[in-house]
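The data blocks that follow each hold one structure.
Look for chain A in each of the two complexes below; its partner is chain B in the first and chain C in the second.
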Partner chain A sequence: MTGFQIPRNSLAWMLLAQSAVIAPHLTRLPYWTIALCVVCVLWRVMVYQGRWSYPGRWIKVLLVFFGIVGLALGYGTFLGLDPWVGLLIMMFVLKLLEMHHKRDGYVVILLGYFVALTQFLYDQGIPSTLYMFLCVTMITAALIGLNQTRSHTRPAQTFKKAFVLLMQSVPLMVVLFVLFPRISPLWTVPLQTEMAITGVTDTMTPGNIALLVQSDKLAFRATFADEVLPLSRLYWRGLVLSRFDGTSWTQELQALYGRLYRPGQRTTSWQDNMELLGEKVTYSIILEPTGQNWLFSLTMPEGSLKEGIGLVRDFRFYSLREIRSKLHYELTSHLNYRIDRDLSDFWRYRYTLLPKDSNPRSKRLANTIRENSLNQADYIRNILRRYNLDEFVYTLKPTVLGDDSVDEFLLDSKRGFCEHYAGSFVFLMRAVGIPARVVVGYQGGEYNRIGNYVEVRQYDAHAWAEIWQQGQGWIRVDPTSAVAPSRIESGLESAVEDENTFLANLPLSWMKYRQILWLTEIRLQISAISYYWDSWVVGYTPSVQMSLLTRYFGDLDRKRLGMLMLTTFFGLLGIVAMFILGKRSHKLLQPIDREYLRFCQLLAKQGLPRSVGEGPIHYAQRIGQQRPDLASAMQVVTDAYVRMNYAEDQPEKTDSLRSAIRAFRFRTLSISS
Partner chain B sequence: MPGPMEETIAGVGSVLLGKEHQIKLALTCLLSRGHLLIEDLPGMGKTTMSHALARVLNLSYNRIQFTSDLLPADVLGVSIYDKDSGEFNFHPGPIFSQLVLADEINRTTPKSQSALLEAMEERQVTIEGQTRPLPIPFFVIATQNPNTHAGTFPLPESQLDRFLMRIELGYPDAVAERILLKGEDRRVVLERLEPTMNTRQLQAFQDEAEQVKVSEALLDYIQRLVQHTRAAPEFAYGLSPRGALALLRCARSWAFIENRHHVVPEDVQAVLPSVVEHRLREAADFSGHGGSALAQRLLTKVDVIG
Partner chain C sequence: MNSSANTPDSTVWRSTRFRQWLDRRMPPSNAITLDQKKIFILPTREGVFFSLLIVFMVLAGINYQNSLIFALAFLLASLLMVSILHTYRNLSGLTILAGGTLPAFAGEDAEFTVMLSRLGARTYEALLLGWNRDLLQGADLLEDEEVKIKLFVETRVRGPMNPGRLLIQTNYPVGLFRSWTWVDLDMSTIVYPSPVPAGDIPVVSASSDEGKLLAREGVEDFYGLREYQQGDPLKQVAWKSYARTGELLTKQFSAFADRRIWLDWESYPGMDREARLSRLCYWVLKLDATNNEYGLRLPGVEITPHRGVEHREEILKALAIFEVEEFELEQVS
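Take a look at the complex of A and B:
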């Protein structure tokens, strides 16, 4: 074994950085790996103190072997991200027991940077980024410490140096981030940015949206290109549910299969059923990961999204791949539209289909009301009036319903949330042969004037209905607005104000304290910052980069982008270099020194430079020996300089020195010519 | 004007051959009213040089051989009871002399070392409650063997600082050595040396050396040097203000010996190694022997103009 002893500073920062870097992964690691970490760190400290020695080869082999086996057993698989990150961390820790040489120290530090990087596979938020900056500073401190002598005993100094170093590199980092040509990865690992995924699901059973709105988690943020629409008009369509089994509503898979429509790909004809009339609105959405396939949009959306996302039969966007990371997309929606003016018999049958024996009382009720109505429109009005005038209650605590849920809701309990109203309304429509379907998504949101966007959270989840009328196509009807108009106009909180159930099981949620103004202000600020982070840092994809750079630099290809990056990069370095060099000449030189230094440069050009620290007299002597022809002229200059600079205190008048230099110059010129 | 200084150098030089630079440094130290530490191997002419200096400068001379059993009283003196007069009579020690050669100072115990060093600093001796001034001028030349030799008590940094300069004599060159080998006994030559000045003249020269002109530009240079020792990482610690003052004083005396009325950077550079080497330590070196490399680096890294 060589006697390499790692410097104290380096070891201290290495161990600290290691703990800091591993900490965010703790919840994902098997317990025994944590024990292994602790043992390795302690062992290394003991080795440093000279009490223990490094483990022998067989112990190391056994540790690695059992470590890998343990990981395989612990995770059950070596597929996916977690086991590999676990393996990396384990090797990172075990390498501590093998630091025989300085080079091993470098390996540990390099692994540290690597492990720090893996954290971004799980979380790319601001807090996590700041934390990783701290970790990277610590690792860099270890790297600096590794190159310091043993007399540097203050770890804080080393950390400070690392911090300064990193801060200095921030401008270069920004240049690389903005300009480095972004290429799509060659392969993708399924990233697990969100573990527990919430949001609307593709099954609507009475009670499940009421459960969802207990959460204040962010669903998405939407930015409007122009004026923001009033909240009551923001119906974010996500899912269309049209199959009913008596209790739950599910998607019509017929509407999905192989029907992704992309503009310019006019193979199907159903999209011609969309008539767009006038008013339209453009907006972009940053969707939080949902783990589902559907996107949210206002009616009727239009736009071209990336590969694998397109419009489906019921006019909403659908992604072939599950959305597991934040998704940024831009759409134009036509607020006046007419879709499916004609409905084929197949679809007409589908949209009026009800299970035969379910909810008989409701069917009877529907028929009675239909008989008492003049026409379909009157019937719809009567139903809505019934919700409005009868003793229906809009509540977050609906009664639990049995098999014939519509019957029980409409005729017995009369307490329900939006899905009860939407579901029963569609049922009543279908019962008399009006094609109808349930739409699930979000309604409203909160306008953040700092970031100028609308923020939609899980408690904005909503369900409403669409009915089909001959000649008019699909029309949105929201039965909730009949029973609780305040839900649509000012959101859930005011609609359930009386019963005090808004976010009842989240006593500390920010959202509950919206009436406290300064708190709201802070919340909006934080939200706006994280919005900008999402849209400009996390969402800085190749296409965003291209469109941004094209806006400022005109058309760019990869090559020009690379050139741009390199020029900016080295331009920045050049500025720094000039700043450093400039600092030196910034020091105020006395006029006489300036004259003399110019004289020295003159000689340097002749191949006789003055070395640093060489005094003028010694210089003159040396030149005199090397070039006897210059000796006397040199002596005159030197005498003048020394006299003025060291024998007098007022070296402002440089005339005599100047004339001596002039004489010297004349002499050298006459010699060389 | 050149007379006495050059005569002095030539006089000492006739005994200690080929060591003009070192003789000039010793003289510089004396003119600056400082004490000199000569560090070299035995037999390099340390004693010869101090003896020759005492002779040409016409100073009373005493030599103290420091041994491990030397007591402070052996240096300073002692009161002895006189049976006849019934009183204590003070018998001054060898330190009561204008030029004292403290030979092999690192052979004695710290207690005796500090007795000498205190006397050097205070220029007076206090024994049994009575303070006795030392003669004027008072000049100590201490010699020491390199610390690595066995049986020595190395002087700590704080006490090294009491010496204005530390020099090494080094081996003579071939020519000088040949003359030495061929010529007569140096002790005989020593006996023949004639004084070149008297004590009053020496003091006048000391006063004059203090008047040598120092310009702002030169002070800038000295400050840059000092600043470099404090900022550059290879220095364990920087020069103290006392060290900076010492550098300036020595540069003045050197300029005086060079017969100049103002100090030039070359003067500073000439004295710098002997003034700063024993006051500096390399950061990577704990034994304290990196000083000379540091001084060289100081000279080549700090520019004269800037």
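Take a look at the complex of A and C:
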């Protein structure tokens, strides 16, 4: 169309940056958008080479139309985040085919920065951040290329310039990052449409935790304010499952109906059922996104969480919104507690309820054992002893069970993972009228001494039981510890050591090589770095900012914080300015000029300074008249300098000038002495 | 010296107060080194859009409570600020020197040469300069320490011409800010009247009064034929034509200056001043091209006949500045 051509330099970086910035989105985009990207980029290259022309107006209209229709069909909705990101990327790519003016180039570049931003909605890790910095540098290189003269055709130089500019901007960015007053969201925004659900779920069917623990993915990290508790005491409570249908355990929905309990709020009556006694432990958790609603805490937490997250009836934290990004929260838990000292008849009924016709053999077994026991406590001990002494096996490869799963497990296969033991234990309790429920969460973790935190991974997932005793309330009982004490003492890996099934599907997992010390060291280092990243960069929330800044600057309101930010920013900008503008480096003196100037200083000390603008030859003549005694030596130096400076090709060689100056110095010294 | 009629981009200069202020701040000089007193800097339209993008990103950061979106927004905000320094740096310390100028005929482009020079290691890139904002010429100072740039200025009317202040601007490196300056390099040139072909040579015989006849054997360039007169060399008779027509003609060669020619104001009675000057200008070029000797008579001006480049320039200049004050007044009114 028009004659404007984006400079080659700029176009090259534009296309590269575009491919780089879209690449991480490819897995989330419909497959045909990839084809669209390739077509647009190739078309643009052909236009640049003059082989093709820009597409006609109707082709563009059709492309946009089918693009939008395609996105709508591909995602099924325009409500979530993903279709909008898809739309943005599509515009970003299609704009390539419409670059008639310089300003179209700017549009592509600004869109590019925005596409780079969207990546952070999905991944805020260190590698992703470094990669995006690379992308932003490339986009900036395209921007610089757009403003260079056409004769400038060195893309590497342009990239370097972009890098230098960005590196000079980084210190300023840090100031803004730390000091810019963070505020809570102004309005709600579309979120990811599809979110992979990870971690423990609200349904426990025999076998599904055994499946979950095949993963070495991080679940959360916990930092203790004081000393770290021994791993065997770390029962991270997440879900309470109390409905049993004969095979699966699910949440008691009534437990969620109670209003969320927040501290300082005395609207619920059940909160009085929680008595917290002595020994406190304070810790903070950075929870990886789960796509689910529950949070993990040690028993028994004082409720102290942000908007929309609170305790529910069975004393665990529940978030009204699914956790789609890393969640940082601080808690205080009381290790001694008494909850639900009294249990209403309703709850007592619910917690002893079993489906009528399911697992009859187990019910009979329970009754037989109960009859042979002295009391409830003796009954519980007998059950646990049975897990311990009978030929029960703790295994990651449990036998697949049918409908009456408890019967089959307890009486036939006797091979199971924690959920089999927890489930069957609760069943046996309920069978004789003891209120009991299954608790799902994580147990233990790995202590990282470099970062001083406990790291909990999916293979630490665990299920245990809580039983209710008159006067004592809910008590934790872990039947797994009866069958495989090493699981609780030192983790899953040693518990299944004999059958060698730990992370059997992940031959390359770091976690399998814990016995190799240096590898472990590296792993702990990397993990610690990413922990600091998560807690200080990704987790730099309004509250973290306030607590950090008040530590150094005392009480800060938003206005003073703004002032502090501006003064620091512009102060630093001044320093950067000195760095950028101060480099008005004058031409470096040639070695012989340096020698000659030094010689002039020598004469100046003798009271014979060279006047301003006086050339060497005139200077020598004048000195020769004033001091005939120095005339000949002066002449030798001047001749050497002039000859070297103007006649010879190698002004770097200062030897003859040096020796002449040395001769002169010798003469002046001998005269003065 | 300053011819307002010849100053391009006059919109910028509409405000005389601005011009006076500029003149005080940056007095005309043949060599100007740019410093903070002389450099202006403001965001471009793209810079404004870029700022809006940053605002948008900060809003996204707030609403998604996403630290890295904040980080990206702040990185770009810092880039914007740093780019001010770089854009300023891309002019600061640059020395602009006035070079030669070439005169032009009214309506053509006058040529001005300026030299850009840098001191030290600092380089300059993507400089744009010109007297007209719509017609800027690019220049880089990367490897070279000095670069000469020929700039052309469209002329409209005759007379001495000062192109006014030279615009030097740069958007480099990121195009978000534009730094610029208007320097007066005190350059001027002269604009000759535009030549208008005039029918006859306005010969005023020089034989009447002063001077001897310079009987030249002009044999270089064939110019035309005229009737044979007695005394014409036989060598110059057009014999072929005689054979054809029977008419005796003498070949005339271009150095027909066996006379000296006077270009005279009075040759074009009834025409106005500019029309006369344009026609005289035409004949100056014509006669110069045929290597004649010619002189000029204008009211109050007389240049004796001569030839050569310098002579031509002298005469053209006399035409250019003839009654130029009156002419400028007419132009303004």
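Assorted remarks:
Going forward, the second predicted complex is superposed on the first by the 566 of 673 C-alpha atoms of A that agree within 3 Å, B and C clash if a C-alpha of one lies under 4 Å from a C-alpha of the other, contacts with A are read in each partner's own complex, and residues count from 1 in each chain.
To be clear about the criterion, a contact is a pair of C-beta atoms (placed from the backbone, for glycine too) under 8 Å apart; a residue touches a chain by one contact, two chains touch by 3 or more.
Everything numeric here is computed off the predicted structure, so don't read it as measured data.
Looking at the shared chain after the overlay, A:R103 reaches chain C, while chain B stays out of its contact range.
Of the two partners chain B and chain C, it is C that touches the larger number of chain A residues. In the superposed pair of complexes, A:I580 makes contact with chain C only, with no contact to chain B.
When both complexes are overlaid on chain A, the residue A:T149 reaches chain B and chain C alike. Contact with chain B, but none with chain C, is seen for A:I617 once the two complexes are overlaid on the shared chain.
When the two complexes are overlaid on their common chain A, residue A:L602 makes contact with neither chain B nor chain C.
By the document's definition of touching, of the two partners only chain C reaches A:F114; chain B does not.
Legend: residue contacts after superposition of the two complexes on their common chain; A:I450 is shown touching neither chain B nor chain C. After overlaying the two complexes on the shared chain, residue contacts for A:V642 are found with chain B alone; chain C is out of touch.
Residues 149, 151, 587 of chain A lie at the contact with chain B in one complex and at the contact with chain C in the other. Put simply, chain C touches chain A in their complex at residues 46, 49-50, 53, 56-57, 59-60, 62-79, 81-83, 85-86, 88-89, 92-93, 119-122, 125-126, 138-140, 171-175.
Taken together, the chain A residues at the contact with chain C in this complex read 103, 106, 110, 113-114, 116-117, 120-121, 124, 129, 132, 136, 140, 143-144, 146-152, 161, 165-166, 168-173, 176-177, 180, 182-189, 325, 537-541, 573, 576-577, 580-581, 583-587. If you check the complex, the residues on chain A that touch chain B are 149, 151, 587, 589-590, 593, 596-597, 611-618, 642, 645-649, 651. Considering their complex, residues 213, 215-218, 236, 261-266, 269, 283-284, 299-306 of chain B touch chain A.
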